[in-house]
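Paired with subunit B in one complex and with subunit C in the other, subunit A is shared by the two complexes that follow.
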Partner chain A sequence: MPDQLLQQLADGLLIGLMYSLIAIGLTLIWGVMNIVNFAHGEFLMLGMFTSFWLFTLYGIDPIFSIPICFVSMFIMGMLIYRFIVSKVMKGPILAQLVVTFGVSIFISNLAVYFWTPDFRLLPSTILHGTWQIGGIALSIPKVAASVGSVIASGCMFFFLQRTRTGKAILATEMDREAALLMGINTERINSLSFGIGTALVGVAGAFLSTYYYVYPQVGGLFGTIAFCVVALGGFGSIEGAFIAGILVGLAQTLGGFFFDPSYKYAIVFMIYLITIWIKPQGLMGW
Partner chain B sequence: MVTHINFTIRRIIAGIAILLLFIVFPLVVRQPFHVHVMILVFMFGMLGVAWNIMGGYAGMFSFGQAAFFGIGAYTSSYLSIAYGVNPWIGLVAGGCAASLVAAAIGYPCSNLRGHYFAIASIAFAEIVRIVFNNWQMVGAAEGLSLPMQNESFANFLFNSSKLPYYYIMLALLLVSLAVCYFIATSKMGYYFRAIKESHKIAEVLGVNVVLYRLMAIMISAFLSAMAGTFYAQYILYIDPGSVMLLATSIQIVLIAMLGGAGSIMGPVIGAAILIPASEYTRVALGYKGTGVDMLIYGLLITLISMYYPEGVWKLFSRIGRKLT
Partner chain C sequence: MASKNCTRVLFITVSLLLILVFSVSAQSQQKVIKIGAVYPLTGNIASTGLDCKRGVDLAVDIINGKYDLDLPLAKSAGLPNLGGAKIEIVYADTKGDAKNGMSEAERLITSEKVVAMIGAYQSAVTKTASQMTERLKIPYVCSDSSSPTLTERGFRYFFRVSPHDDIFARDQFQFLKDLEKKTGQAVHNVAVLYENTEFGSNAGKAYRKYAAEFGYKVVADITYPASATDVTSEVGKLIVSKPDVLMHASYITDAILFTRTFKEMGFQPKGIMTMAGYIEPGYLAAVKADGNYIIVRSTFALDLAKKKPLVAKVNELFRKKYGIDMSENAARSFMAPFVLAEAINRAKSTAPEAIVKALQDTNIPGNQTIYPWEGIKFDPQSHQNIYARGTLVQILNQEYVTIWPFDSASKQVVWPFPAWEGRK
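This part shows the complex of A and B:
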């Protein structure tokens, strides 16, 4: 029993760190632009497919395709911002909500069209197997993804707090008009943030492809969970998203362990609703 | 003043003419598929009108309307299968059940606005879907099949023709439009619009924000659930995968937005454009699971929100004013 519980805790932590990595990009976009990016899950799916095809066609291991995913998704994010999202930024709030839904449906069905709706799994890559530590088994790809998540969050935190561009992003997030008056090109910050947010989820996709099924609709579930993580952590808060991701992961596995595994996502959404009821701004929001 | 009355009379005449057109339509066009598409137009029109009451007027952008739709469908079907309750009673019972659930979820969410409300509504609808997907009493993932009975108006069941369904759905749509018209022109409508503009200002003006938001959600849930019961009686089979999908919720929002959120007829026009477009492209392209129809649909959503975020209703009313 204690071993089983420890195993659940470990699994929760590992999946939670994955959620953190997915959510960090989303919270950045949300915080800076006040735009809900419903296509975030589809960007994750594109990251997964990029890594999948690079391995299948060219034999590039996912661990080495991470930089490729980062760069290609960065460009993709910038383009989507420039040509679609920026067009609705001044429009009604409803249009801002719906436009990324359109993008998400378009991307996932484009993937269905090109790659069929099949489920694919990468054969064993450099990262495979499990570690036995005492009574618990840790899957190595998941551990690697978690380490990646911690590193990426750390880099992001450092970038925002220590670099000029990062500070400009934070300033825009706090007060757009004041940032504009201080001479910050907020339009450039917007597209940069959208690019970075998308690039981060691309990295998450590369990690996720090492142990999860790759299929066009994979973004739906992860996207919805990422929203809960972001809202739970506080919109725009990197630290909040990081902590909330772990909490959601733990809630999911422990909820499944103590109640019923088929309700694990319902438990996650329930916790989210209760949190925003008590504290609408989230754990770390202001 | 005279011109104003003239204008109103002309509008009433135009309304009656359009209504007559819809009444005659299935008698002239006899192909079942076209009638089916029109029934869907009315049904999604009704769902759009229901969304509009809380989204367009009171400013709560719900992306979880499918939950209310599904609760309506499940309530009437379950009551009918388990206790032999007449579907017409189930229609009201489903509405009441959805309203109660709406109140239970709407009250804690009464501080949430804009994006925050939208995400909360998705989370809520997903919880409802997961619960129904695992709830053995209502058939879990397998869903519920309604038993065959003698066809009659009293049984809300017709096998030989789609016509009765067509007229019932048209009547339900008219009822929901009447409700929406009543709200829009009454004090309640002004309260809703004040809440949409700003919670704080509405509160300062003496509007009970929590109460009126709850009323908007409950009315909207009631109407959506009625459409759900209709769907169950029409298709005779429901499961969480068909009546509680996020895709359905999004479609409802899109219909209202395309037509024009915050106008009475907007959602109906939105449904009249979007539903035939998606049904006929699906038929034309042949559903092979290649996702081409959904591809076009996604593109359409993106383009509409980029170039027509105010909806075509504005365009229509401008043309209408010129003609009259």
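This part shows the complex of A and C:
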């Protein structure tokens, strides 16, 4: 029993860090542009498929395809922003809301068309197997993904706080009009943020593909949780998303273990409801 | 005056149009018989829906064409009693959602004018879709949903060809008893694990019922949401409860996730006995050798061909059409069109009441099916096929091999479940 408690804690932390990594991109886009990116889960799916095909066709291990995922998803994010999202930014609120929803349906159906709805698992990659530490088993790919999540979040934090572009992004997030008056090219910031947000979820996809199966609808599951994480952490807050991801992961495993597993998501959403009741802007929101 | 004329012209035009429409549909009814099919063609379990569709499409090919097979209506082209009328399946996508099952069934009946319905794989969806067909008085033949409650509702228009989970659950406990008798390896307690929709919760109920009846202790009773991203807590609970045997009712995504987590966390009972998800074609493709030694309930396995040459012939056609072997899903969905077409042919009519009456008299002998059954004959009350039986298959070398009942087994069961470590 104590072993299992530690096991659940460890797994909650590992899956939670994965949620953090997925949610950081979403919260960035949300914070800067004030739009809900419903296609976030689908970008995750594309990241997973990129990593899957790079391995299957060219034998590139997911660990090495992470930079490729980052760059290709960054470019794709920028393009989607330029040609689709930016067109409706000046339109009515409803159009902004619906556009990413349309993109998400388009991408997931395109994926079904090209890759069939089958489930695919990567065979043993460099990261595989488990570590037995004491009585608990730690999945190596999950540990690697968690380390990746911490590094990526750290880099993101550093980028936003210490670099000129990062500060410009933060400024835009806080007050778009003022940022514009200060000479920040907010249009450029928008497309950059959309690109970075998409690239980050692409990296999450590459990590996730080392232990989770890939299929065209996989985005739906993780996308929903990412929304919850972002809302819990506070819209637009990177630190908030990071902490909230871990909280959600722990709530899910411990809640499922001590109560009934069929209520584990109910527990997650209950924590969210209680949090916004006390602090409507989320844990770290302003 | 002018308006009166106008009304008259309008009236005549409309009547002429109506006559035209009705005569066309009367004509086409003789040539094509439309049957509606609801399946999850997109969404989380789209791969399963497409697999079911393959079985249905092949069945329709055989009914509409001439084949030298011992299946109902195979040797004639179309339905001979209706002037060689052809069957046409009109598909609708449920996306795996019970709401859509109901609305799509309604659309198929009211706007596509289908005369009967088949589908929907997921029991929860079949449940709502068949509520609609019952209300609109359209016959529904289901050969791929297994929740026992479906045939406990006393519906007049609903018929089920395949066995249900109550039969399957009983089989699994019977297997444990048979195993003990044969090898002396006793099992004392079981853990039951099931997803929380219509299918899983009723399978769980059946597991509990038969555990009590056969005298096994249930040490863990765990329900979970099928669309989970992580199942550590479920497996953690299982490990703590230390069961001899795990009984698991799942869909495919959760089956894959659980298999990975069992291995990762080293969950090691004497046997893992399962339903549904573990026999999907996508399952082994995803988990590969990690699926070995898991036991699944089944109505069909390719090794049945040893005793039933028809199975090999049908699989040959399946391979030719799709390039893959027939799976259990495809094989189950395969039968419903035959049962319906055979009944419609006997009824010599597509009127719903006539079809229902013919279905009540259905008596297809076992050698005209691809399953190890005595035949197809519906119980007059519940409309469940009284001959439907399950078998158990075990995954050996990444293939499904019949291991129970012992007299139709093609290989001996591997028991207990070999340790995860030391496997390749």
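The rule we apply is simple: the second predicted complex is superposed on the first by the 286 of 286 C-alpha atoms of A that agree within 3 Å, B and C clash if a C-alpha of one lies under 4 Å from a C-alpha of the other, contacts with A are read in each partner's own complex, and residues count from 1 in each chain.
Following the convention adopted for this analysis, a residue touches a chain if its C-beta (ideal position, glycine included) is under 8 Å from a C-beta of that chain, and two chains touch if they have at least 3 such contacts.
Please read all numbers here as calculations on a predicted model, not as lab measurements.
Overlaying the two complexes via subunit A brings subunit B and subunit C into a clash.
In the superposed model, A:C228 lies in contact with subunit B only, and not with subunit C.
Within the superposed three-chain model, A:S262 lies in touch with subunit B and with subunit C [touch as defined at top]. In the superposition on chain A, A:N109 makes contact with both subunit B and subunit C. By the touch criterion defined above, A:F101 lies against subunit B but remains apart from subunit C after alignment on the C-alpha atoms of chain A. Once chain A of one complex is fitted onto chain A of the other, the partner contacts of A:R176 are absent, as it touches neither subunit B nor subunit C.
When the shared chain is aligned, subunit B and subunit C each come close enough to touch A:P117. When the two structures are aligned on the shared chain, A:T253 is found in touch with subunit C, with no touch to subunit B. Contact with neither subunit B nor subunit C is seen for A:K167 once the two complexes are overlaid on the shared chain.
Only one of the stretches 74-82, 164-172, 200-208 or 236-244 belonging to subunit B overlaps subunit C in the superposed arrangement, and that stretch is 236-244. The residues of subunit A shared by its contacts with subunit B and with subunit C are 109, 112, 117, 216, 220, 260, 262, 265. Across the interface of their complex, subunit C is touched by residues 1, 4, 7-8, 11-12, 15, 109, 112, 116-121, 123, 130, 137, 139, 211-213, 215-217, 220-222, 225, 249, 252-257, 260-262, 264-265 of subunit A. By the touch criterion given at the top, residues 42-44, 46-47, 50, 196, 222-225, 227-234, 236-237, 239-240, 252-253, 256-257, 260, 264-266, 282-283, 285-288 of subunit C touch subunit A in their complex.
Residue ranges of subunit A in contact with subunit B, taken from their complex: 30, 34, 36, 84, 87-88, 91-99, 101-110, 112-113, 117, 216, 220, 224, 227-228, 231, 260, 262-263, 265-266, 269-270, 272-273, 276-277, 280. Residue ranges of subunit B in contact with subunit A, taken from their complex: 55, 61, 63, 105, 108-109, 111-112, 114-116, 118-120, 122-124, 126-127, 130-131, 133-134, 246, 250, 253-254, 257, 261, 289-292, 294-295, 297-306, 309-310.
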